[in-house]
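The letters A, B, C and D name the chains in turn, as written, and every chain counts its residues from 1.
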Amino acid sequence: MNPANYLYLAALLFTIGAAGVLIRRNAIVVFMCVELMLNACNLAFVTFSRMHGNLDGQVIAFFTMVVAAAEVVVGLAIIVSIFRSRHSASVDDANLMKL
Amino acid sequence: MSASAIAPSVHSLWTTAAPATEKFPTPHIEYAQLSPTLIVFGVAALGVLVEAFLPRKSRYTAQVGLAVVGLAAAFAAIVALAEKGYGTTKAHIAAMGAVAVDGPALFLQGTILLVALVAVFTFAERRLDPKAHGRHVDSFAAQGSAVPGGDQERAAVRAGFTTTEVFPLLMFAVGGMLIFPAANDLLTLFVALEVFSLPLYILCALARRNRLMSQESAVKYFLLGAFSSAFLLFGIALLYGYAGTVSYSGIASVIDGTAKTTPALASSTQNDALLLIGLAMVTVGLLFKVGAVPFHMWTPDVYQGAPTPVTGFMAAATKVAAFGALLRLLYVVLPGMRWDWRPVMWGVAIVTMVIGAVIAVTQTDVKRLLAYSSIAHAGFILAGVIAIDKSGVSSVLFYLAAYSFVTLGAFAVVTLVRDAGGEATHLSRWAGLGRRSPLVAAVFAVFLLAFAGIPLTSGFAGKFAVFKAAAQGGAMPLVIVGVISSAIAAFFYIRVIVLMFFSEPKADGPSVAVPSPLTSTAIAVGVAVTVVLGLAPQYFLDLADKAGVFVR
Amino acid sequence: METLIGLLVAAPLLGAAVLLIGGRRLDRSGHLLGTLLALVSFAFAVVLFADMLGKSADHRTLTSTLFTWVPVESFQAQVGFQLDQLSMTFVLLITGVGSLIHIYSIGYMEHDENRRKFFGFLNLFLAAMLLLVLADNYFLLYAGWEGVGLASYLLIGFWQHKPSAATAAKKAFLVNRVGDIGLSVAIMLMFTTFGSFTFADVLPAAAKAGSAQHATITGIGFMLLLAACGKSAQVPLQSWLGDAMEGPTPVSALIHAATMVTAGVYLITRSGAIFNAAPDAQVAVVTVGAVTLLFGAIVGCAKDDIKKALAGSTMSQIGYMIMAAGLGPIGYVFAIMHLVTHGFFKAGLFLGAGSVMHGMNDEVDMRRYGGLRKFMPITFVTFGLGYLAIIGFPGLSGFFSKDKIIEAAFAKGGTEGWILGGCAMLGAAITAFYMTRVMLMTFFGEKRWVPDAEGHEPHPHESPSVMTIPMIILAFGSVFAGGLFSLNSRFVHWLEPVTGYSEGDSPVSTGAVTAGTLVLLVVGVGIAWLMYGRRPVPAVAPRGSLLTRAARRDLLQDDFNHVVLVRGGEHLTRSLVYLDHSLVDGVVNGTAASVGGLSGRLRKLQNGYVRSYAVSMLGGTAVVVAATLLMRAV
Amino acid sequence: MADSSFPILTVTAALPAAGAIVTAAVPAARKAAARYTALAFSLGTLVLSLITLFRFDPQGARYQFTETHTWVKSFGLHYDLGVDGIGAVMVALTALLIPFVMLAGWHDADPLEDVTGPNRRWRPTQGFFALILAVEAMVVLSFEATDVFLFYIFFEAMLIPMYFLIGGFGDRAHAGGEEEASRQRSYAAVKFLLYNLAGGLIMLAAVIGLYAATAKQLGTGTFALQDILNARASGKLDLATSTERWLFLGFFFAFAVKAPLWPLHTWLPNAMGESTAPVAVLITAVVDKVGTFAMLRFCLQLFPEASKWATPVIMVLAVISVLYGALLAVGQRDIKRLIAYASVSHFGFIILGIFAMTSQGQSGATLYMVNHGISTAALMLVAGFLISRRGSRLIADFGGVQKVAPVLAGTFLIGGLATLSLPGLAPFVSEFLVLVGAFSRYPALGIIATLGIVLAALYVLVLYQRTMTGPVKAGVAGMSDLKARELVVVTPLIALLLFLGVYPKPVADIVNPSVQHTLSDVHKTDPKPALEAKK
């Protein structure tokens, strides 16, 4: 089975994630889509690592997970705080600032 | 771990077998040469401990002291390294190829540290807001987690809470920014990016006034930031896929075809799409940080919503770090590909200059105005980036140094003009400021003129430097576009001056708060740098010139 | 002696300076100072004249260069004077008549609060006019030329509170400026052709210039003619002279009769060498002269305003001179001669008119005069002598000078000669008519005057002697000057060295011309007597024939100017002002506005929704990726 | 030539600069002190400039009193000063006019009532005089600079103080109330700034282009005029035709905006109309001269071929300016705008003379700059006195002034006569020289341009007639005549007009050699007369 397929899958996931960011309103879901994109990246890394036969890619994948985790911490903190002050997690409600 | 141990069982599933991978070498770190960064991170960690263990009363003093000392020390370290010649002759790559210690890195790190130092002053300012329950308060929320206007917040204010965490956050951000322009492999680049972005996201959410806007800005910044870093990461993945390595030199050598070819490499380099798309996406990730059109849209909202000291710091330092990284990427990794990315960057530079200037024309809020102007300036700097030669690098370095201090100063002035609702950022409120307090208005006018690039200010010197580099790099059309858009830009800077000096002051106009020495120092430094770099830029140009060489 | 030339100009200039800067404290003595300096200048003139007579005809030219005015490489303009017979004649006329009129003005302006200023302007005029005739190069002449223009402007508009006066002054200056274009272009042509503009360089060069320069020289000629037309109120630039009568009468006498308006004649005579080399230009000159002499005469017939009538006559007399000057060597001398005699009798006539107005509460309408000879005998006699002189009554000045011009016209020969001669004789007849008309309406018939606006019944009375004496002196001039000059043609010998002279061969004998002229003269006088002498003059002007009505309006030439130039000009400027605002400025403001509009539209993209920001990022990425790939493709 | 040990040029510029700072520092209450301080500094500058002028040796080196220092090596920017005849004269003119401008605007900037409360720190008087001195310093430097970039810096920088002078101290005699006035004023100021800034930025592009070009051919880019000229002379520097033309256009555009040349003139009427008379004089008599001066100094010297290439078009534009400006002046209802358009016409003459490329034309143009400065100053300042008395700028509001204020009317008339260049007054000489110069190369244009003298007479005399003559209008009755201070302003100017009108030789002698140098730069010689008749 050709590893290229894993790449296609990665790309697909990435695209789905991006699309999700664009269409979903709930900040949490939007953020999950971003996470999906990151994981797509991970898949790509691992695949490439496999193809090139060196471990860098896999190591990077670990790093990415850590970073993603950190992002989750910060992100959720912010989203929760805004949810508490607005009683809504919809990103479309947050447009005091425009133009 | 040992990959070879489990290798066969896994491999049996695979059609293509990869050779056994080599062992990890034991890492060795040149601590001395990384000392600036390490100091900053160390201080940041200490700051956390301070938050944990010191009584609330003494935290503020401790944190400010720590931050100032730490940054000063880090800067001293930078100077020492530069003295030792790490900027020029002994420039090399440290930490097993993760971080570069060379001219541009040191210059930019120095700039960032100074900017941060001044920013700390504005962070620490406690005289501007009216006293709450008899206590001086800074421009940060009493308790970030508390619901705006809720009982909890009122309680927090009564109790005299203050978010002194901002200082460690600031330090972490600074640490990330120090690595960002020095990062010598894509992974470090990505990690550094996140390390300085995440604290910024939080800082944005911590405004004392207009907390809703503050939180909104944080959300926007965070989501878009994460979105963009996803692109960056995917780009990295593709580049890794193309070159089989993430180290700059490695990728460069693969692109030049000087790397020793493995069969895997041979197959992957077959298809340039990986390289090109990867290159494009990484660039996009960086362009987002510098706020280039069309990746600029977060800028105005975030600049407006964030606490003004944070905005000032972000506007100045983030640009420096991001442009540093961009320069290194383009000059170290991709010089062999200039024919691919140069035209694209041309386009980006042009739209950035023009759109930034044009939209700013109709802005009505000082902070948004400055945001758009920063976009336009990003365009000007890109013009310098595109000139692929030494003068290009040094001109950009100089421009960044000049620009960052003007920006910092300008936002510091913005914090002074206040009315009942906090800072009066709506332009109409600034009418007649020149009569109320000529000095403040004059200072702001100086910054505006510097932005507009009027001769005898640092803005002019910087603009001339980058345009000169661009012209010598054969990008005369870019220069002309730049010139035209600076003419447009001049219009809205002038508009503010007109407002301040030529229109009658409003009866209920805002008052100009008398700042503590902290902010005064920040502003004074801004003015000083603006004037000195305007009148006698030669020394700094030489500095930037010496620092203009990347290590490969 | 040379220094005297400078002083000649300096004296009145000093007067002007002192009087105008001195201010009110000179009000009581100012007029005396002015008159004194005019007389001083006259005295210098006489001395120089005597000295000149002492020398042989060919060595009479005096030159003196004071200093370099404008030195720019090959363009070297000196302030240099040249006093020869021609300029001497003018100097005597200007200072002489000038002094007389200064004296006269003492009386005439007695009650004017700004008398000091008036004398200052008069002195200024004398200085400028002397500069004009004494300059040894065209550039300096130009200075004098504009100087007299300025003086004339100031004096016509002397009563500035009268809008009509202010307007007339402006008009005079403007029309003169049009002429000045001619002079300046002429100078430029001289400079580019001969590399100089001094008489000493240009005139000989023009005389011996080859056919290569013929066109240029003709051009110069035409340009000089244009200048002359402006100054000397020749068709088509004559319109200002009538209005110029708004000025105080002494001004009309000195500037707009005796001296300044004759500057054109001087210019053409002075530039004889150029015109001799440019026959086409000469044709133009004689044509202008002939047309104007008829034009002026006809206008003169219709005017009821005594000064305007005289102005018309001035126009026509100068027409004679210009025509004579256009005839070349056969005419120059007589042009000047007529100029001098005309200076006497026309000045006399104007002063007479002034005296009449002085006695009639400044009434100028001849239909309100009548039978004044009883009330102001001296004025009547002097005026009468002037009248006889101008219509060319045998033995008086006008008779000699005008007949010579008519003869010269015939002497031009060919059809041209006949036409010109015919015009000249016709002119003589008309002159006789309108002057008789003036004479009869003013001094004969029954009194027709009525109370003026304030209801003051005019009490005609003779003017004080300070006014009458100059009139008497001028009367002497108008009686004897002509005879004196023609006595064994002194004047010809006097001027010949400068202007050159040649006997033309006239197809008709001198006697015939004289006889013919006299006949026409009688006819003219007769008609006038039939119309105004025999039957009473109606107090209000009858509607009159079409020609008469046209003539009253300066033969509609002014209306033409108004419609074509003034109205057209107004439309032009108004539309330009509009264009400047809407088009030229509009483009700029439009650009600014469009940038603003674009800005407004682009702002809308910043709609505050994170997701749309994300869209733009994704789109941007797509574009960047696509572009990068494309770059490789191409 | 004078010993170059003492940096007199630097001092000439530094003195007003220092004056600006000192004046600005004078406390709010001490208005009079501020005025006299400023005046003293400007007079000092005048003395220095006159010393320069008198010690300038026309037969000596082209540039004298030269000073050379490197300022910013990386930019090829040198602090090179030096004056040729033209420069020396222009510096003197500037220094001469400033004191009069100050005296004329003695009370213009004083706040109507004592400012107290939140605005008490507002010190308009100090600011006004400080700004004037700042402008003087920068203008002087731009006349002295022999380094293209150095010139550019001050050419641009002078906009800022000018901008504050226009926008901050507007004409109080405005038709529609204070609100409308300040609106108009800031519009005029912004228009002034943006126009000139745009021009300047285009020039900046050209400057950078020039640097790139020199850097490519000479190894190190330089802006020093002398280096560039030498390099060109020795053939080391040889700009491609197209490059030279583009650069020329870049420079010329900026100067044409400044000058201003049709159709880039529309900022001038607004600026001069809305600013006080002294500031208007500062604009048209001092600052704008930098534009025409720079054409002579930089366009012709740096880009001789391109200059010749562009000459026909420029000559036509100049002639258009002459007639267009005059015609619009005729159509104006506002005294100051009228004078502004008259200036447009005069600048047309100056540019006509410069690009005629003949001794007469260029010497004439230089003299024209001087004379126009003085005559416009005289006319505009008297107009200012008139306007301040009546509180209106509209011609229609005046009439019969000569009856109540004869001296004012008289000086106004003299100023007007100078403007219509009457012989005996200075402008005549220069105007005629310009016309001769233009005529000897382009007869047709020369003749068309002479129509300008008729139109000039028209707008001046119409203005005089409507304002000064006729019956005394209601608002005019009881108008006071010129006061002592005002006479001090006007009399010397008029005296100067007369002197230079009768004896311009001293100035001409200083200017001519420099003009010869310029002409040799563009390899032009005067056309020879068809038939040399001079003895």
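Note that contacts are C-beta pairs under 8 Å (C-beta built on N, C-alpha and C of every residue); 3 or more make two chains touch, one makes a residue touch a chain.
Predicted model, so just to flag it, every value in this text is computed and none were measured.
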Pair sharing more residue contacts (C-beta pairs) when B-C is set against C-D: C-D
Farthest chain relative to subunit D (centres taken as mean CA coordinates): A
Centre distance in Å when subunit A and subunit D are each reduced to the mean of their C-alpha atoms: 65
Separation of subunit B from subunit C, taking each centre as the mean of its C-alpha atoms, in whole Å: 81
Centroid distance [mean C-alpha coordinates] between subunit D and subunit C, Å: 37
Whole-Å gap between the CA centroids of subunit A and subunit B: 23
Residues of subunit D engaged with two or more neighbouring chains: 194
Subunit B residues counted as touching two or more neighbouring chains: 219-220, 223, 227, 300-301, 491
Sequence positions of subunit A contacting 2 or more other chains: 18, 21, 30, 91, 94-98
Every chain pair in contact, whichever chains are involved: A-B, A-C, B-C, B-D, C-D
Subunit A partner contacts - residues on subunit B that touch it in the complex: 3, 14-16, 18-19, 21-22, 144-145, 147-148, 150, 187, 190-191, 194, 198, 201-202, 205, 211-213, 215-220, 222-223, 226-227, 230, 233-234, 236-238, 240-241, 244-246, 262, 264-265, 267-268, 300-301, 304-305
In the complex with subunit B, residue positions of subunit A that touch it: 1-3, 7, 10, 14, 17-18, 21, 27, 30-31, 34, 37-38, 40-41, 44-45, 47-57, 59-60, 63-64, 67, 70-71, 74-75, 77-79, 81-82, 84-86, 91, 94-98
Residue numbers on subunit B that touch subunit D, as the complex places them: 432, 434-439, 449, 454-456, 460-461, 464-465, 467-468, 471-472, 476, 479-480, 483-484, 486-487, 490-491, 494-495, 498, 501-505, 509, 511, 536-538, 541-542, 545
Subunit C - residues contacting subunit B, complex: 592, 595-596, 598-600, 602-603, 605-606, 608, 610, 612-614, 616-617, 619-621, 623-625, 627-629, 631-632
Touching residues (chain side subunit B, partner subunit C) in the complex: 219-220, 223-224, 227-228, 231, 272-273, 276-277, 279-281, 283-284, 288, 293-295, 297-298, 300-301, 339-341, 343-344, 347-348, 355, 358-362, 488, 491
